[in-house]
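Labels for the chains are A, B, C and D, by order of writing; each one numbers its residues from 1.
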Amino acid sequence: MRDVNDILGKEKLKTKPQNFSSFRERLHEVIFEANDFAGKAFDVVLILMIFLSIVVLMMESVPAYYAVYKDAFFYLEFAITVFFTIEYALRIYSVYSPKYYITSFFGIIDLLSTLPFYLAFFFPSFQTLMIVRSLRLLRIFRVFKLDAFIDQGNFIMAALKESSKKIMLFSFAMFILITIFGSIMYLVEHDVNENFDSIPRSVYWAVVTITTVGYGDISPVTAFGQFLASVVMLTGYVIIAVPTGIVTANVVQKQSNKKNLTESCPFCLKEGHEKGAKYCNACGHALNE
Amino acid sequence: MRDVNDILGKEKLKTKPQNFSSFRERLHEVIFEANDFAGKAFDVVLILMIFLSIVVLMMESVPAYYAVYKDAFFYLEFAITVFFTIEYALRIYSVYSPKYYITSFFGIIDLLSTLPFYLAFFFPSFQTLMIVRSLRLLRIFRVFKLDAFIDQGNFIMAALKESSKKIMLFSFAMFILITIFGSIMYLVEHDVNENFDSIPRSVYWAVVTITTVGYGDISPVTAFGQFLASVVMLTGYVIIAVPTGIVTANVVQKQSNKKNLTESCPFCLKEGHEKGAKYCNACGHALNE
Amino acid sequence: MRDVNDILGKEKLKTKPQNFSSFRERLHEVIFEANDFAGKAFDVVLILMIFLSIVVLMMESVPAYYAVYKDAFFYLEFAITVFFTIEYALRIYSVYSPKYYITSFFGIIDLLSTLPFYLAFFFPSFQTLMIVRSLRLLRIFRVFKLDAFIDQGNFIMAALKESSKKIMLFSFAMFILITIFGSIMYLVEHDVNENFDSIPRSVYWAVVTITTVGYGDISPVTAFGQFLASVVMLTGYVIIAVPTGIVTANVVQKQSNKKNLTESCPFCLKEGHEKGAKYCNACGHALNE
Amino acid sequence: MRDVNDILGKEKLKTKPQNFSSFRERLHEVIFEANDFAGKAFDVVLILMIFLSIVVLMMESVPAYYAVYKDAFFYLEFAITVFFTIEYALRIYSVYSPKYYITSFFGIIDLLSTLPFYLAFFFPSFQTLMIVRSLRLLRIFRVFKLDAFIDQGNFIMAALKESSKKIMLFSFAMFILITIFGSIMYLVEHDVNENFDSIPRSVYWAVVTITTVGYGDISPVTAFGQFLASVVMLTGYVIIAVPTGIVTANVVQKQSNKKNLTESCPFCLKEGHEKGAKYCNACGHALNE
């Protein structure tokens, strides 16, 4: 079963090559593991740098702050980017399979965390690319090496994975429903309501309505339009039960899978003993290991 | 048990008539089945045409695009409609029971996918009917012949079907609640708030509020009105638990019903035994392994 | 266990008094039961009259319709009220315990369905009371004598009843949360945002926000206010899981209560047999009845 | 297991010191217990005073009321604060461990319930602190000594506690999602839409949208922005299933854990046997009936 460790690209990075110096091995431990103080300290510093870089990214975008602290933001961002660049180089140097790492999900994220700054520096027209730095936040997931969270993550991912086909089918049905509702609403409203001026916009309205978001930037004005809108709202309100029911059922099932359903008492045949039970609780006979 | 295949009208279309030429039989396989390359290719082409036709329908409705590409849209729509017309004719020709097909759900959808274009062509006043083409999207459900999705679809439909009576009762109670809340709100607000100018509009407001959509196009301004609105909101926020609970319980139950549905008792023919059952619980006869 | 029949006041109305004429008995059957054609016809007519009266109530409130059909509405309402008055009188005449009926929930609803019209007729200042007629809709619940819906209703009511204490506690915690959030928001915003002009209005905003309704009639403008609002929204988004979880668990439990958990096989002691099972499905031994 | 009683700080307050006068003991019973009439009466009075103080706090903030009843509000608040001050002093006097009480959660809340009034009285600049009085509402939770609600509270807390790690992980993933969505939306909209004037504001929009609140104070105007917003809405609409599923599964599990928690094996002392178990499943010894 694919789990969070797989997605983090750790599984395939496990095989150590033959001539791997002890320095690179040590570096590997610090950067990719969190078994000792140095490894954990590295993770903490990395998380702090990621958060700092996000704060800088956000503050920079506020006109009032940018006017005053423009230079400070630039030097901070410069320092952060240099730090991430060195980190990226060290990762390539100390990883068991550099090729696999560079093309992996997190390898690309790592590169995207540094590249935009250099591009924007040399080609000012790439300024807008700076927003790509927000993807740095995704790197935090890699740092999560705490066992408890890995387990919880695996649990949620597994439950979602089992629901995925049903959720996809549900999403597809919703897509069709939204398109049809949007088209009908366009027909009903567009003559008297300039907000419903095209089907794509009406479909956008249908999304806003069926998900119960309801901005109010587009809302029906005709009596029949409001009646139709009511139908869309009630549909959205009730069908949320479907994905919720699907996911919940999978979580319930995964969680109740703590009983040894296949094991039966060799004497009285009672099935469904607690995990770790040594004796049958119906007849007292010893259970097979 | 009725399932997706039933709704798709496939069950009743299964009996092949006596004198059915091998050409019609081959056509039948390509159009109605997806067992070989030709059948699957036909489905893929059909899905692409459906999506193309929806894209044209949407783009056509955007004034900016319509002004420029009016002619292109017309010829594209013309080509798509001719394609669907031929497909419709071939379906009637190759289906085992044309009469049943034409009056079936998808037979009508198929007809509605082509008719509006011709009507609008000859009678320009039928222009608004063109929106009916959005129903073409529903045809995609028929094309879903992939087993995995059929199973998932059947599963969700079965869970919803078992919940349907309870959901209907819940919907009816909500309808009454909404009407009463809307009427009271009209009484409270309509003297000072022109947005609550009639009970139907107040009922529309109640729907917008209880489903937690909240456009804000109509909102209470009096203190008592806002208090009442708070009650409606909290009601809507909490009672969503009811349909969710009902659907979830049915999904959980269906999923834990790991029953051997295919196994029947060799003596009394009872079906649906628990997994691992060794004896029929109706007659006590040993079950086959 | 209290059920829908109790709430409908039927249980306590069951004991027939000594000298009860056969005419009154027949009337009782038609009005209070739905066992024969007359009883079912009476119910259908009643439901139609209730819906008609609600339609009149709604149309009357639309200024455009009222201007034109004022008289028609009055005579229709007059006819409906006379019908309900006769029905009310017949109910008192044919019920086993008039005193209990008059003071019961539905007895009061029945009276309120007729009284406002007479009051408004004689005392025009009671005009606003007319809205009370919307409560007539509640009467429909009494007419629901179809077994299937009674069962479903009892099921939902029972599941909700078992959840009621937890839901009450949850609602109370939400009430406290909303008040505190509203008060803090008043402190943060009221100097710069005239919409947060008092704590009650801020509390109203907190309800609109935590229930994810979000009208937008009141929304924060300061950076800190928007941060706080984000906390309120995320709180509302996540804690909906609590009532949903509680209700769902009770529905799941009620639904899985179909196994005879207490019955065990007299030979192999296996427990948890299907309801109606006659033989143990583990050893084939007959079960005790 | 930590429960509501722990949070209320009762467990650690249980050990009575050596020289504790019978008067203090009696006072302790009245204030901290609810076993007799005096204890229950004290709780009722306290709840009434808390509600009264919240009503005063709210009314005071309404300009129209404040203009007229300014003095009445002051004297009422004065009386309430004196009452709470005396109560606070009596609590310190009669509690078994004053030091622990003063630094406990409720000890601090109790202090905060009185302090702001005195501070505002002597230093008018502390006026805004008065809002802290809204925290008084939290004190109501302590008064809930009714067994039924304690049980329900413990049940909900336990279910939430078991879900807490998963909910934290989910919240963290949502935080990252919201930041990335907000940043991208800033890039897409800020050139043409003055409402997306900084990333923090765009992140605020993302929270408003993903939680399906949808004020409409900030909404996308470009076609691509509306498409992205639709993705955010549908994401928020569907992923609500995750926390709901997690909490529901824990509630279901807790509720089906119809375990005999009080029964322990007479031989190995293992607790928590299945209902109906006749033998200990750890050591095989017969259980007492």
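The definition used in the following text is that contacts are C-beta pairs under 8 Å (C-beta built on N, C-alpha and C of every residue); 3 or more make two chains touch, one makes a residue touch a chain.
Everything numeric in this text was worked out from a predicted model, so none of it was measured.
Farthest from chain C, judged by the mean position of CA atoms in each chain, is A. Of the two chain pairs considered here, A-B and A-D, the higher C-beta contact count falls to A-D.
Here the CA centre of chain A is 29 Å from the CA centre of chain D. Our note on geometry: chain B versus chain D, Cα centroid distance of 42 Å, whole angstroms.
Touching two or more other chains at once are residues 200, 212-216, 236, 240, 244, 246, 248, 250, 252 of chain B. If each chain is drawn as a node and touching chains are joined, the picture has every node linked to every other.
For chain A in complex with chain D, the touching residues are 54, 57-58, 61-63, 128, 131, 134-135, 137-138, 140-141, 148-149, 152-153, 155-156, 159-160, 167, 171, 174, 200-201, 204, 207-208, 210-217, 236, 240, 243-244, 246-248, 250-252, 254-256, 273-274, 277-286. Contact residues of chain B toward chain D in the complex are 212-216, 244, 248, 252.
Chain A contributes residues 165-166, 169-170, 176, 179-180, 183-184, 186-187, 190, 197-200, 203, 209, 212-216, 219, 223, 226-227, 229-230, 233-234, 236-238, 240-242, 244-246, 248-250, 252-253, 262, 264, 271 to its touches with chain B in the complex.
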